[in-house]
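Provided herewith is a single structure, encoded as structure tokens, for subsequent inquiry.
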Amino acid sequence: MSTEATGWSREEMARRVALDIPDGSYVNLGIGIPELVARYVPEGRELVYHTENGLLGMGPSPEEGGGEPELINAGKKRVTALPGAAYFHHADSFTMIRGGHLDLCVLGALQVAGNGDLANWSVGGPDAIPAVGGAMDLVAGVKAIYVVTQHVTKNGDPKLVEACTFPLTGRGIVDRVYTDLAVVDVTAEGFRLVELAPGVDEAYVRERTGAPLLPIREPQPQP
Amino acid sequence: MIDKRIASCAEAVADVFDGATVMIGGFGEAGSPIELIHALIDQGARDLTVVNNNTGSGEVGLAALIKAERVARMICSYPRTTNSTVFPVLYRAGKTQLELVPQGTLAERIRAGGAGIPAFYTPTSVGTPLAEGKEHRTFDGREYVLEHGLTADFAFIKGRVADRYGNVVYNKTARNFAPIMATAGKRTVVQVAEIVEPGGLDPEAVVTPGIFVQGVVHVPHPAHESELVARGESYP
Amino acid sequence: MSTEATGWSREEMARRVALDIPDGSYVNLGIGIPELVARYVPEGRELVYHTENGLLGMGPSPEEGGGEPELINAGKKRVTALPGAAYFHHADSFTMIRGGHLDLCVLGALQVAGNGDLANWSVGGPDAIPAVGGAMDLVAGVKAIYVVTQHVTKNGDPKLVEACTFPLTGRGIVDRVYTDLAVVDVTAEGFRLVELAPGVDEAYVRERTGAPLLPIREPQPQP
Amino acid sequence: MIDKRIASCAEAVADVFDGATVMIGGFGEAGSPIELIHALIDQGARDLTVVNNNTGSGEVGLAALIKAERVARMICSYPRTTNSTVFPVLYRAGKTQLELVPQGTLAERIRAGGAGIPAFYTPTSVGTPLAEGKEHRTFDGREYVLEHGLTADFAFIKGRVADRYGNVVYNKTARNFAPIMATAGKRTVVQVAEIVEPGGLDPEAVVTPGIFVQGVVHVPHPAHESELVARGESYP
């Protein structure tokens, strides 16, 4: 295996995701790196953030020590509401999700398979307390699912795999994966490299990917 | 910047295509988006499947759309309101089909369509002609029928106030089918008497969050069907 | 057949129904005689009226020529809203109905059968425009269904029958029938007379009833 | 006169019986009716099936009810919140069962239960362990699983303001499961910080109409779970 490449930091991964979100999108951001995405939305774009516990038009975190215990996000952290926000109950919130009204959901992952399967809720151990939250609803309903994750686990195992070994969150639902090393699309033919992080080469990514990885598609000549 | 305001009713209905399914808000005249319907008549789309609780009255609004023979099929619960004289003629002449749905089943089918629920079981209509040919199933000793979610290519509804995000509040019993139709329409346009700045609506009191709305048209002084009918008006 | 008895007027029928509605009930009143019931609720009882087009806490009609075109009842007539009222959309309104939250619905009828079947929406003619509204939902969901109707049709045909010949609204759902001649319960054994209108005798009612009619139950001796 | 006010939380939970199914509002601490839960602990009912999105935190509120071993079974989506230390111990010891339900399916099952819908099809969980053993069915080429409506003997929820009819409005994201649980509970009691005269709530902004509420308890200064946990409190 080649020597350690730096790739993107957590913040840079979040920034890279943010670049791809069109103006006017309705977006649900998962816990962890996905949460950071909101900080890096390019100037001039307006996104509307949904949190499944009943708020559309979620704003940034309040100042340290501020906020209210009954204005929280799905991660149960205190947030704010922007002008033009709306509160609603859980059935209405998941009408938005299941009914295909959200444009994009950004989630973390334990494993993503080349067929778009996602495992992100349970390592399946016998002693684990299973907890799924809204993840299965989000992947089943939201129009596009982006995954943000380190390319490999802390032990160096690939998270992009041929088939998930952990219990699935959803089948064939991931559209794109953003890692510290690369941006990878899930296509009908499997994973396809879209972009490499600075200082990372294709071979380096390939070594750390547990499934076939198609090369970056050459730009089509414009007629 | 997100700004769903549309300059005119004509622009709001411009995309409606022949054969489209169109949900139209309102229960009788309450909540009927007359100005959007009239724009749809002008626009000219044909062979529409229209979802509304009724079939309009007089020769304005929904009744005028039916009279202009644009509606191939009505999905409704009660096509027999006072002054509903247009639909019976076209129905008997075989020019407009009718799918009769119990009102609560109609509401639930629309809500299911908007919520990504393809089908559900309901006790309503069991043992009646409207359950004939439908799948029956027993849960806990009671019989139910299977009904399917309903979506539409377009939903045209009427609100009282909206903002540029498409958040909407309604007026009294004019609310009726509008909030659920907003969720079930691929493209939902609301006509409102007033448009306010973001923050001008209480976020606790928003009935339709903007995510369900694709267009907002300002119609400051909407007509009331009963007044038009009383004056003997017709459209166009 | 015996000579014409007077029985109860429409108003008296409505008054008789009103007597039976407990304080605090949530009630949906159909079009016609059922609408009159609200006028005769005894002093000291508070009922909450539901109209399926989205209002709980419906008040009386506005003065002639008053009211608003967008504050109407299920019959599309102008109404008022009382302090403590609430507006809601159609799916929520039928959650109240289908979910068994309403205590009582009072409806008109074309025919009622001794097994509790009700026909009240269509005479089934080939040229008729079928229209059902919320009737099938109400009879399927509301806890108690009372029917108010003339005992016979304008042609003198009984409306209380062995089996409905018109298309059904619901199966086995009627609890009690109030006519101009009598109050009749639907029991497991069929129709049972509860009360006769003043000046009307049992034989007179029986002649005009198209199904077996059990006699008034003798009061049980109190031990 | 209709007056659903109840004098105390103790009175509000007095009828809860051993083995009852109890829905408890709240998502994390937002909307958690802590005072009603503490009254339920005092009341002593056992072998409860409790429906809540989580399993409480620290040793107050829902976590305290679980710690007191009153909960035979939890129906929830996420029993693993920060400071949720009580549930794992009892779960691993086999003292509390868990039915894990995806959050949106949980919400829809509650809503269906309250709406008289015995069962519905949903795309959520297809292809995952949570769909195993459930009926699958294809509509329009997509696979769905059958899920069942959920009702409860009691629903205990928290609102912001109510009137004597039981009309309720909520506070921000404390709304969450409360409005749908109100519809699904045979006996729904809401604790509110403020009670107003009829007419004191805008009828356009009522979230839970009074028909879904059987009792209203005035708790003027409700505790916040995170503050109790931060102070290291436990109940009783």
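By written order: A, B, C and D. Residues from 1 in each chain.
Here is the rule we go by: a residue touches a chain if its C-beta (ideal position, glycine included) is under 8 Å from a C-beta of that chain, and two chains touch if they have at least 3 such contacts.
This is a predicted model, so every value here is computed, not measured.
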item	value
Contacts common to subunit A and subunit B (chain labels)	D
Pair exhibiting more inter-chain C-beta contacts, A-D or C-D	A-D
Between subunit B and subunit C, centroid-to-centroid distance (C-alpha), Å	30
Distance between the centres, which are taken as Cα means, of subunit D and subunit C, whole angstrom	36
Whole-Å gap separating subunit A and subunit C, where each centre is the average of the chain's CA atoms	56
Set of subunit D residues in contact with two or more other chains	108, 111, 115-117, 122-123, 170, 172, 204, 207
Residues of subunit C whose C-beta touches two or more other chains	81, 87-88, 91, 94, 97-98, 140-141
Chain pairs in mutual contact under the definition given at the outset	A-B, A-D, B-C, B-D, C-D
Residues on subunit B engaged by subunit A in the complex (per definition of touch)	1-2, 111, 113-117, 163-165, 167, 183, 197-199, 201, 203-204, 206, 209-212
Complex contacts: residues of subunit C adjacent to subunit D	23-24, 26, 46, 48, 50, 56-57, 81-88, 91-92, 94-102, 140-141
Subunit A partner contacts - residues on subunit D that touch it in the complex	27-31, 53, 77-82, 87-88, 91-92, 98, 100, 102-108, 110-111, 122-130, 170-180, 207, 224-227
Interface residues, subunit A side, partner subunit D - complex	51-55, 68-73, 76, 81, 87-91, 93-94, 97-98, 117, 127, 129-137, 140-141, 167-172
List of subunit B residues in touch with subunit D within their complex	108, 112, 115-123, 137, 139-140, 142, 144, 148, 169-170, 172, 202, 204-205, 207
